[in-house]
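Below are two complexes that have chain A in common, paired first with chain B and then with chain C.
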Partner chain A sequence: MSASSQDNALQTSGIMRAMIYALLIFFVIYYLLPLWIMIANSLKPLEEIHSGDMLAPPRSITFEPWRSAWSTTQVGVEATGLRPYFINSILMVVPAVVLSTFLGALNGYVLTKWQFRGANLVFGLMLLACFIPFQIVLIPMARILGMLGLAGTIPGLVMVHTIYGLGFTTLFFRNYYAAFPTELVRAAQIDGASFFQVFWRILVPSSGPIIVVTIIWQFTNVWNDFLFGASFSSYDSTPITVALNNLVNSSTGVKEYNVHFAGAILAALPTLIVYIVSGRYFVRGLMAGAVKG
Partner chain B sequence: MRDRLQEWVPRIVLAPSFAAIVIFVYGFILYTGWLSLTDSRMLPNNEFIGLANYEKLFGLRHWNVALKNLFIFGTLYIVISSALGLFLAILLDQQIRNEGFIRTVYLYPMAISFIVTGVAWKWFLDPGIGLQNTMHQWGWQSFEFTWIKDRNLAIYTIVIAAIWQSSGYVMAMFLAGLRGVDNEVIKAAQVDGASGFLIYRRIIIPMMRPVFLSAFVVLTHLAIKSYDLIVAMTGGGPGRATEMPATFMYSYTFTRNQMGVGASSAIIMLIMIFSIIVPYLYSEIRAGRDKK
Partner chain C sequence: MASLTIDKLTKSFGAVDVLKGIDLEIEDGGFLVLVGPSGCGKSTLLNCIAGLEKTTSGEIRIGDRNVEGLHPSKRDIAMVFQSYALYPNMTVRGNISFGMEIRGIAKADQDRAIQEVADMLQIGNLLDRKPSQLSGGQRQRVAMGRALVRHPQVFLFDEPLSNLDAKLRVDMRTEIKRLHSRMGTTIVYVTHDQIEALTLATKIAVLEAGYLQQFGTPDEIYNDPANMFVADFMGSPSMNLIEGRLTASADGLEVVIDSHDDRSISLPVPDSAAMRQHLDHSIVFGIRPEAMTDPDGADRTSSRVVTRDCYIEVSQPAGSDTFALTKLGGKECIARFRADARIELGSFSPVSFNMTKAVFFDPSTKERIR
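Then we have the complex of A and B:
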């Protein structure tokens, strides 16, 4: 999304422009509202939420809900806070992102620079795989994970996320490498460079932006996943999204709204930080996900 | 010898990924399809019963509620997200100061898990502590907003949260489209004395047809897959009032031990998505090839 041509702007009067800005600001508030609610109420004591106004800033700030959400609140049967689940998510996300990005780069390289018969069919099948409803694979995947001895483990989740991420990572790298001059690759080959030498010395060094796009895309998707986590994790491999849902929707005990909000922010923080730091690349991934071919 | 090997390396490199997709996507689709034709309950079994599961599925009240909810949710979600996205994109395309900041704010919900935003919306819409209570505090004693607890209206609270989450994404798609519009066309229309409103209505918005199509495809496929947000906000309740196909599939397969019926509902979801995605991808790839 470049800001190249800005000349479509209407020729508008001052009043009109003021209205446009007012609307834009209204929507800024609208989009920030849930985030504000979470932050403000995560800093209030529980009585203040019960008796008070959810939109108001906290009258007496307390960090106790954050401490509780992180390390002491009851999640499921154990009073461990969300910390162990946060760690599970990290242990799941890092290998899944690295593996699927690396394989996607290799696939994109093969599909664009080593044309062979059937390459388009291969790509078409991988592309279509991006859009399946994952409900369709839950039953057989549960069986296969059981057979491999990976049921309810973090390596099992890494495998699932790597496989179902391949379609998108391959798509990203394929479209990027399609625009990379094939002559450079051919010239290197004539000089005797092997398949992997071409990949590591010529393509990878110029793949910076697409690697960032892919890593952010995969990181966001895997971190935010709920369905696979809920289906294939067990007590000691539960990712943070599932743990958060267990915390908020548990039917026992007092509902500690402030702890729920603090926990929700904790679960959102990693992807939110990545988005704020490198939103441009995140948007590129989203756009590539919408406009294919 | 070395050259022969070099010829095979690319295929060997691609093979594991391709095999994984063939087995774990297409093989699994076939397997689930097979299970939908069997009498599987808690565990898969191979007793063939034809289309009995599908007959049973479409006779189930829960499934029909799920389809009706998907229809209500999908229609409102697609129409309102597209309209809001286009509206915001047009506003943002008027040489706005701080455009980058505003865009970042409009789009951040897409970076967050539906479970997280579900928590915020669940409690904000909760009559006891959320919006209703807040309005009472502000002195508007008669204000009532109990949709999330109301069997007939709870589905609309899911719509509200889902639009909040995805409309920024649609905005970004339209903004990219608007930035691609040729200035000359607009200048010519302005010379002819067309008003700004007319230029948008007659010239620019009709040129956004491909973006409408992309947005429609993306939003439809997200609507059919909706699962996390429902689990986080209502858990499918009150009662089963916000059941959707994705939550139906999960509960019939894993908690009600009706795997055959669950598998058949997954197949129906797949058919719904593929009937939109396959023609779209096919035309996109063909258009891409024609350009070259």
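Then we have the complex of A and C:
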């Protein structure tokens, strides 16, 4: 990978190279500055923030704001910290990601390898789901959740995110499987494999890159979602994004900026970890099928 | 092992008729090659036999069992695909055992069967590799191994050699032929390569545009083509099809063919009632390049060799032979000379026509005149 990109790079002179690096370093600083401010200030006592420079490194490091954000600070009316809401988000994200990825893979398999009349129309309609704004589905979804008795519960949120994510996951898997050789499926049929045996034994083991792409995409979207969380959750099923908002808004006299910064980092941490762990597969997966090899 | 019968088979995709009434029969242990240009329907026919495509009408019988509506896995067939279709996530062993695993065969029996085909195909040392670590020829062997462990009634091969380089293709061709004579299983083999068809088959079916053009032994197909399509398609270089005029002379019938510079040559034609119907009309005279030679290279066992002067335009030495191009009936014709025959370009040289090998066609129907 690195060798081939070096071959593709343009030859540059020393001055050009220095300018390019200067520009790149400038942008690195530009993008990292917010993160720096958050980390630095989350480690300062409140007085230090009030007294001085936001950009300065902490003079005396304290982990108290983190502890407070995690377990003791006031969120809304309860002084629980973000922990219960973090757990809510995990309980919502994991099933939603697993379900929507699985169903997307199954849809992709059926749409490409079991071609039926109107398959392309069905796919087109599912694609449309990618373009529907969140706001449009709020009221009908609230009605359906109410009818199913899932209003204000975590399973309800799982269902909302699974359904909303299905358009994207189907798109990913359909395009990936369209490039998957049909002869393999036929060979497996002749070997006597059933519909699900072909799926589990032949297609899924070859789907690594696209599974990673789908998981990253879905995890980030579901974890970061605010609107559905704010609309469809009740006090015991609130996801962390909504809780973070409540934390920032519920002040008891002084604004605890250091706690707010720590809470925001806590809320962003899981998506960051997912990116760092599997980011290289993400790029590889997006490229898969674009060029051979 | 079983025979295979195809009876009035048709197949349409929507409004497009791909197969238009195919009748074929191959005996138990036979080697049937379906050959034709791309788009002729040969792969569709194979997929119909495999059960991967539904037929529109007609019947397919394996042995005396009508396989209509049977799932591919229940037809007692095995198939080798053009791309080999090896499961990329499994080892060679896994690829070969996958079908047995699905059918619930005991592990010990699986291992024995794998060992047996691995020995037969000499892939024993590859069993724990992934398909991506194999060369083209090795993948081909594994694909055949996967088919062999099933001990099917009928083997289906879909252009199995078209992805190999020229030399390997010849080797694998020999190997398939050896395998067939050893196993004695009925084989249906699709190819667009007419050399493969001639070397492998016990019976050849030539397809074009969804019709069966001719069905016969390789010898019949090559020497006794039913129409101009078969004559032109089979053989390399292909048969010279020369337009001429049928006339009567004192010695019997003759075909008169335009040659170079307003000159013409006449060749004797066997007399028959069917021929006489075309008297004073144009007919197509077909002759294989190897039946047009320099006089010293002519077939001495042939009873009817006639020598005429032809204008040689180009010569193409090909090692074992030299191909000489001459214009007859307004078309380029290829004659096959001995490699050391002296050819003078741009002049008239004697060319011997072996008329026992000549065939004649009606230019309007493209059918053979017998």
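As a working rule, the second predicted complex is superposed on the first by the 265 of 293 C-alpha atoms of A that agree within 3 Å, B and C clash if a C-alpha of one lies under 4 Å from a C-alpha of the other, contacts with A are read in each partner's own complex, and residues count from 1 in each chain.
Just so we're on the same page, a residue touches a chain if its C-beta (ideal position, glycine included) is under 8 Å from a C-beta of that chain, and two chains touch if they have at least 3 such contacts.
Values in this document were obtained by computation on a predicted structure and should not be read as measured data.
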Just checking: does A:163 make contact with chain B only, chain C only, both, or neither of them? Give me first, second, both or neither.
first
Given the touch rule stated above, what does A:279 touch, chain B (first), chain C (second), both, or neither?
first
Who does A:197 touch here: chain B (first), chain C (second), both, or neither?
second
If touched residues of chain A are counted for chain B and for chain C, the larger one:
B
Could you tell me if A:173 is touching chain B, chain C, both of them or neither one (first, second, both, neither)?
neither
If you stack the two complexes on chain A, which partner ends up touching A:86: first (chain B), second (chain C), both, or neither?
neither
Contacts for A:106 in the overlay, against chain B (first) and chain C (second): which applies, first, second, both or neither?
first
For chain A, which residues lie in the overlap of the chain B contacts and the chain C contacts?
none
Given the complex with chain A, which residues does chain C contribute to the contact?
50, 52, 71-73, 77-79, 81-83, 85, 87-89, 98-99, 102-103, 146
Looking at the complex, which residues from chain A come into contact with chain C?
181, 183-184, 186-193, 197, 201-202, 205-206
Listed in rising order, chain B residues that touch chain A in their complex are 6, 9-11, 13-14, 16-18, 20-22, 24-29, 31-32, 35, 44, 88, 91-96, 99, 102-117, 119-124, 129-131, 133-134, 137-138, 164, 168-169, 172-173, 175-176, 178-179, 181, 183, 186-187, 190, 196, 199-200, 204, 214-215, 218, 221, 224-225, 227-228, 231-232, 235, 245-246, 249-250, 253-254, 259, 262-263, 265-267, 269-270, 273-274, 277-278, 281, 284-285, 287-288
Chain B-touching residues of chain A, taken from the complex the two chains share:
1-12, 17, 20-21, 23-24, 27-28, 30-32, 34-35, 37-38, 41, 49-50, 52-55, 103, 106-107, 110-111, 114, 116, 122, 124-129, 131-141, 143-144, 163-164, 166-167, 170, 194-196, 220, 223-224, 226-227, 230-231, 241, 244-245, 248-249, 257, 260-261, 263-265, 267-268, 271-272, 274-276, 279, 282-283, 286-287, 289-293
